[in-house]
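In the two complexes below, subunit A is the common chain; its partner is subunit B in one and subunit C in the other.
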Partner chain A sequence: MKLLKIKDRHMWTLFVLPGTILLVLVLGFPAFQSILYSIYPEGGGTSYTLNNYSILFSDSVFRQVFGNTVLFVILSVASHLLLGLGVALVLNREIFAKPVFRLIALLPWVVPDVVVGIIWRWMFDPVYGAFNDLLLRIGLISTHVQWLSSPKLALLSVIFVNLWRGFPFVMLILLAGLQSIPRVLYEAAAIDGASRWQLFARITLPSLKKMLVVALALDIVWEVRRFGLIQTMTQGGPGNITEVLSTYIYKQYFQFFRFEYASAVAVIMTAALLMVSLPYIWMISQEE
Partner chain B sequence: MVKGFKRKFFSGIEIYGFLILVSIYALLPFIWMLSTSLKTEAEAFRVPPTWIPIKSTLDAYVSMWTKKNFGIYFLNSAVISLATAVLSTFFGALAGYGFSRFVFKGRKFLIGFFLATQMLPGVLLVGPYFKILSKFGLYDTRTGLVIAFLTICLPFSTWMMKGFIDRVPDALDQAALVDGCSRLGVFFRVILPISAPGMVATIIFAFLLAWGDLLWVICLTSTESMVTVTLGIARTVGEFQIIWPMLMAGALMGGMPAIILYLLLQRLLVQGLTAGAVKE
Partner chain C sequence: MRWFRISIFAVLFLGIVIGLSTFANAQEKVALRFSDWHLTESPWDKTLADAMALFEKRYPNIKIELEPVSYKDKEPKYTVELAAGKGPDIFHVHAFSLPMFFDKGFAMDLTPFIEKEGGAKYLEAWYPLCMNMMKHKGKVCAMPGDYMSMVLVYNTELFKAAGLDPKKLKTWEEFLEYNIKLTKAPERWGIALPGAKDPGFELRFSPFLWSFGGDYLTPDHKKSVLDSKEAKEAFKFFVELYTKHKVMPPGVTSMNPQDVRTQLAHRKIAWEIGSGWTAPIVNAINPELKAFDVLDAVPLPVKKNKVTTIWLSSWVMSPNTKHPKEAWELMKFITSKEMELNWFVKNRVTSSRKDVSDVAPEILNDKFASVIASQLPYGKVVPQIPQWPEIVDAFTTAVQEAMTEMKPPEKALADAHHRINGILARKK
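Let's turn to the complex of A and B:
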């Protein structure tokens, strides 16, 4: 189906350049500025320095926050994948009222982060909240638990909320992937006497590989950047127990006005994020 | 026979049981929000809590609009998000068309650039934005926020629009070009009308991205007249005494546009999100 091509090869500039220039201006330029700030000495001065970075790596709070972020991201993404895959597999079957179930499962992902944070903050209220009330009624706990203010539980509680918030996205992507697997594959394998587990391991999982990578990459990026959820639930407290990089940087900027230090942290965070997502970016851009 | 029986190790009951559990998990917080928003302040602080309000009232909703400036917050969110969405979708459609139809040197690099910008965290940019916007008198203005939101929405809109335009056969372009249409003419008269549903989806998705943001609003505004819905909700967290029915009413109204728009556009949303990710 090779049609005759009109010679207007250079017209791509007209379409691609406006957006590219806009992106460089509103995004590339400030990003570059941030890198510059990060090598300015704190509190003013003229010569460039790597001091902000050396302060950062010897800062025990930074190390704790970095660790929190890693834990938050890994547990969030892993739980999203597990529950998301589970629900997607079930919803891919012939079941009653499928659209209704899919709709309900999508809801947590649809509302703004801030709304999620505030609802759950109120859910988790030790005395007046619904969560303790429910668990007390079922008999799973016998006293009012301080979900968000106990140092032992706070981070896990936040991750639990993030599971609620994020699993629908993975479900949505994987469901789309499942629906594109040809039914014939299963029928043929079933005739050959394959067990359900074999069908899953030999057909379903390999066919989902691409979608799993997409879901994983996007989810990691989103969870690293998660801000509104934590800001409305705990603001990083108690202490620094639930502080993640994004809330930490925000505080350093706008509460302590340590612009140079905050920039250095942001640069490190961005570098880590790009390192994780570069394989994905490369994969997609090569295919295009 | 035994084998065929064994194959069904998840029976119907277990599946529906699982689905019902997941549904309860997904829905309970929403029910709690709705229930609280209908309570009086006194009833919200009852021990043990009531799930169905003893005395239902819409007072909390009325108070949000009359005693708090929720009207202003709502208007700010709507205006800023809509402007961002339209701008980013327009530029996104242009770039998306360019990426979809032309093969040129550096194309892969530029696609990689657009993708990479989508990964950058907002916290890398808020500091410089604060300084730059202040310098140009755009700090604490709606215009400043629209510019800032373009950083989130433009890469996304480009990607989504490219996905939709990829579905329009190139033969249409060629036919129009042969008939004497210019490239721009093809874009505006052929491509945009055909991908109108995709554009609507992109506008709505960009709108919701901007609508749901807290980071930029909290960093780039300072006065009451610039507060958006998300900031209005988040700010109450620091308050000494939280009036939960009002806050839940605010949260419900702040989440409503998103819920309604997503439900209307479920199918297009999935298409847009997975465009480029799956090839048919």
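Let's turn to the complex of A and C:
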């Protein structure tokens, strides 16, 4: 009987094993390979070197790309949080045809990145695009605006599309959070004479704190990895204005065949991602 | 006794099953993966599908699996697959990519197959320049496909309406004058040249650079020569078509060749730098234009040198193929005289085979092909080195920076010059 209990206690390892092996194979092995590649000399070899990292940090294009990525992620995530929270608040209220609006709000998130990129690239076309046509018709602009070719507008245009494409994810998380806040808290505060702003600042926001951290951490990870949208809309141009780490790695690896250098960039990107994910990991471990 | 009977029956049954499966295996077709970016383009997709059906009919033991890939993604897709020991058995790339494939060992040595076909005598059918580009360390590692020169493809109606005759065009200065007269913004512009980071860019920009007397690299490919007076002049002339003279439509820095052809198909521009493929693709985009009647071609203008870019495609056999004999049969078929003429008749691309491009009446009498063929002696290819994709990316970045006025042309070109020297200096 005792033997059976011991066996039972260890039974979970058997259930976890297949998943663990799969994870190690599909995630751990390539990650290990990337780290290994990143310390090989460029062009191949068996010796180890940190040369790829020193090239990377002294490369002005890499620094520009890193800066672009930070800007892209900050603006994307901030706009996702603001719009996501706003829409979640609206959809949490008793409004007409709520399920329909919830479904509509989710649609941009369902469409693949590449499809979104191609559609918006056409919509932003200076000559044929629907965007310029609409703005010209209503008199907001008087000439063809080069949304994706202008150095001042290209990154902002991509971020705008990314806002449209990515806010439903944040909205979904926050909406779930909003629905879990007990109504009695609002009713009690209302009886005490709390204003709408006070209800939001003292009840809604503190109650959503965990959800906001989850949304923030996950969205940062998603946005750092964002590839298809930028690749299809601008390919990193004009110049290197919209080049971000994911498109840069792709270009170095698959177009220039600089496997070792691209791996070093990927390792740096992963390290940066791990650092921003730490609060999320810490929060999850605290809960457990 | 009962067990004995059962055993006899079981042995007989097993024998029949093994016999049938062996027969089935003998009859099983060899499957070859065939990949080409043309499979994503109309009207090429149908031509290729028809050709492969004909091949299957002639070789009943071979089945062809078509694998479309976009023009831009072909190199990344093939390299990843080939590095993993997979990849299509036969695939199509432009010749400029070959050094990268050769460098990584991603192309089968075809010399033993060619020797069996007659060696040098078999290769006599192709232009020597094309065959030389297929060689790596003395071995033939690919077979040439389409062979064309870049020319100006124009809309005859728009030129007639503007009172211009492109056949009288001689110099780049006249080219600018023509474009100024043709531009009626925001309805129409003279020309569009793709400024996106796309392999089509170098085909169209290089004639400017070479014609002005400049070049990208020294003959030994060790240094950039973009700091030359001629290169600066060509770069400025190209950029100012957009920034100063505004004869190109807005947004050219994000246009790829297909975007430009779309503008030509819808009469938004009067001409573009194209080749044999232009009319069929424009026709497919907008059949109402009647591209084969309305479009025509003339050679590029001249500054110091009469020169144009050569387009050459190549067929590569995967070193990972499990059926090299059958793959060679397919390679022979698609590069045969019959098929090379077929590609022209259906898609207007001229061939790297002399016995097709030099003699076929269909080509010699075609208004586009005759101009394209007349420019082949002035053709030049971009440097065939593994670093070329990175070099051209640095250069296109400079063009975009200058065209969008992020940097003055001189500064953008100087930055590209230094960056390219850095790329070339890096140990490979």
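In this text, the second predicted complex is superposed on the first by the 276 of 288 C-alpha atoms of A that agree within 3 Å, B and C clash if a C-alpha of one lies under 4 Å from a C-alpha of the other, contacts with A are read in each partner's own complex, and residues count from 1 in each chain.
Going forward, a residue touches a chain if its C-beta (ideal position, glycine included) is under 8 Å from a C-beta of that chain, and two chains touch if they have at least 3 such contacts.
Since the structure is predicted, the reported quantities are computational estimates derived from the model, not experimental observations.
Trainee: Answer with clash or fit: subunit B and subunit C placed together on subunit A by superposition.
Mentor: Aligned on subunit A, subunit C clashes with subunit B.
Trainee: Tell me which touches more residues of subunit A here: subunit C or subunit B.
Mentor: B
Trainee: In the overlay, answer first, second, both or neither for which of subunit B and subunit C A:68 touches.
Mentor: Neither partner.
Trainee: Is A:254 touching the first partner subunit B, the second partner subunit C, both, or neither of them?
Mentor: A:254 contacts both subunit B and subunit C.
Trainee: A:42 contacts which: subunit B (first), subunit C (second), both, neither?
Mentor: second
Trainee: Of the partners subunit B and subunit C, which touch A:150 in the superposed model: first, second, both, neither?
Mentor: Only subunit C is touched by A:150; subunit B is not.
Trainee: Given the touch rule stated above, what does A:211 touch, subunit B (first), subunit C (second), both, or neither?
Mentor: A:211: touches subunit B, not subunit C.
Trainee: Just checking: does A:285 make contact with subunit B only, subunit C only, both, or neither of them? Give me first, second, both or neither.
Mentor: Only subunit B; A:285 stays clear of subunit C.
Trainee: Considering only touches as defined above, state whether A:79 meets subunit B (first), subunit C (second), both or neither.
Mentor: Neither partner.
Trainee: Which of the two partners, first being subunit B and second being subunit C, lies in contact with A:235: first, second, both, or neither?
Mentor: In the superposition, A:235 touches subunit B and subunit C alike.
Trainee: So in the superposed three-chain picture, is A:162 touching just subunit B, just subunit C, both, or none of them (first/second/both/neither)?
Mentor: Neither partner.
Trainee: Between 114-122, 132-140 or 150-158, work out which stretch of subunit B sticks into subunit C after superposition.
Mentor: Once both complexes are placed on chain A, subunit B clashes with subunit C in 132-140.
Trainee: Following superposition on chain A, which residues of subunit A contact subunit B and also contact subunit C?
Mentor: In the superposed arrangement, which is not itself an observed complex, subunit A uses residues 121, 127, 235, 250, 254 for both subunit B and subunit C.
Trainee: Quick one: which bits of subunit A touch subunit B in the complex? Just the residue numbers, please.
Mentor: So the residues of subunit A touching subunit B come out as 1, 3-6, 8-9, 11-12, 14-16, 18-20, 22-23, 26-31, 33-34, 37, 83, 86-87, 90-91, 93, 95-96, 101, 103-108, 110-123, 127-130, 133-134, 136, 164, 168, 172-173, 175-177, 180, 193, 195-196, 210-211, 214, 221, 224-225, 227-228, 231-232, 235, 245-246, 249-250, 253-254, 259, 262-263, 266-267, 269-270, 273-274, 277-278, 281-282, 284-288.
Trainee: Report the residues of subunit A in contact with subunit C in the complex, numbered from low to high.
Mentor: For this pair, the touching residues of subunit A are 41-43, 61, 121, 125-127, 143-144, 146, 148-151, 234-241, 250-251, 254-258.
Trainee: So in the complex, which bits of subunit C are touching subunit A?
Mentor: 75-76, 79-80, 100, 103-104, 186, 196-198, 249-254, 263, 268, 386-387, 389-390, 393, 396-397, 400-401, 403-406, 419, 426-428
Trainee: Flag every residue of subunit B that touches subunit A in the complex, lowest number first.
Mentor: Subunit B residues touching subunit A: 3, 6-9, 15-16, 18-19, 22-23, 25-30, 32-33, 36, 44-49, 51, 91-92, 94-95, 97-99, 101-102, 104, 107-132, 147-148, 150-151, 154-155, 158, 170-171, 174, 177-178, 183-184, 187, 211-215, 218-219, 229-230, 233-234, 236-238, 244, 247-248, 251, 254-255, 258-259, 262-263, 266, 270, 273-274, 276-280.
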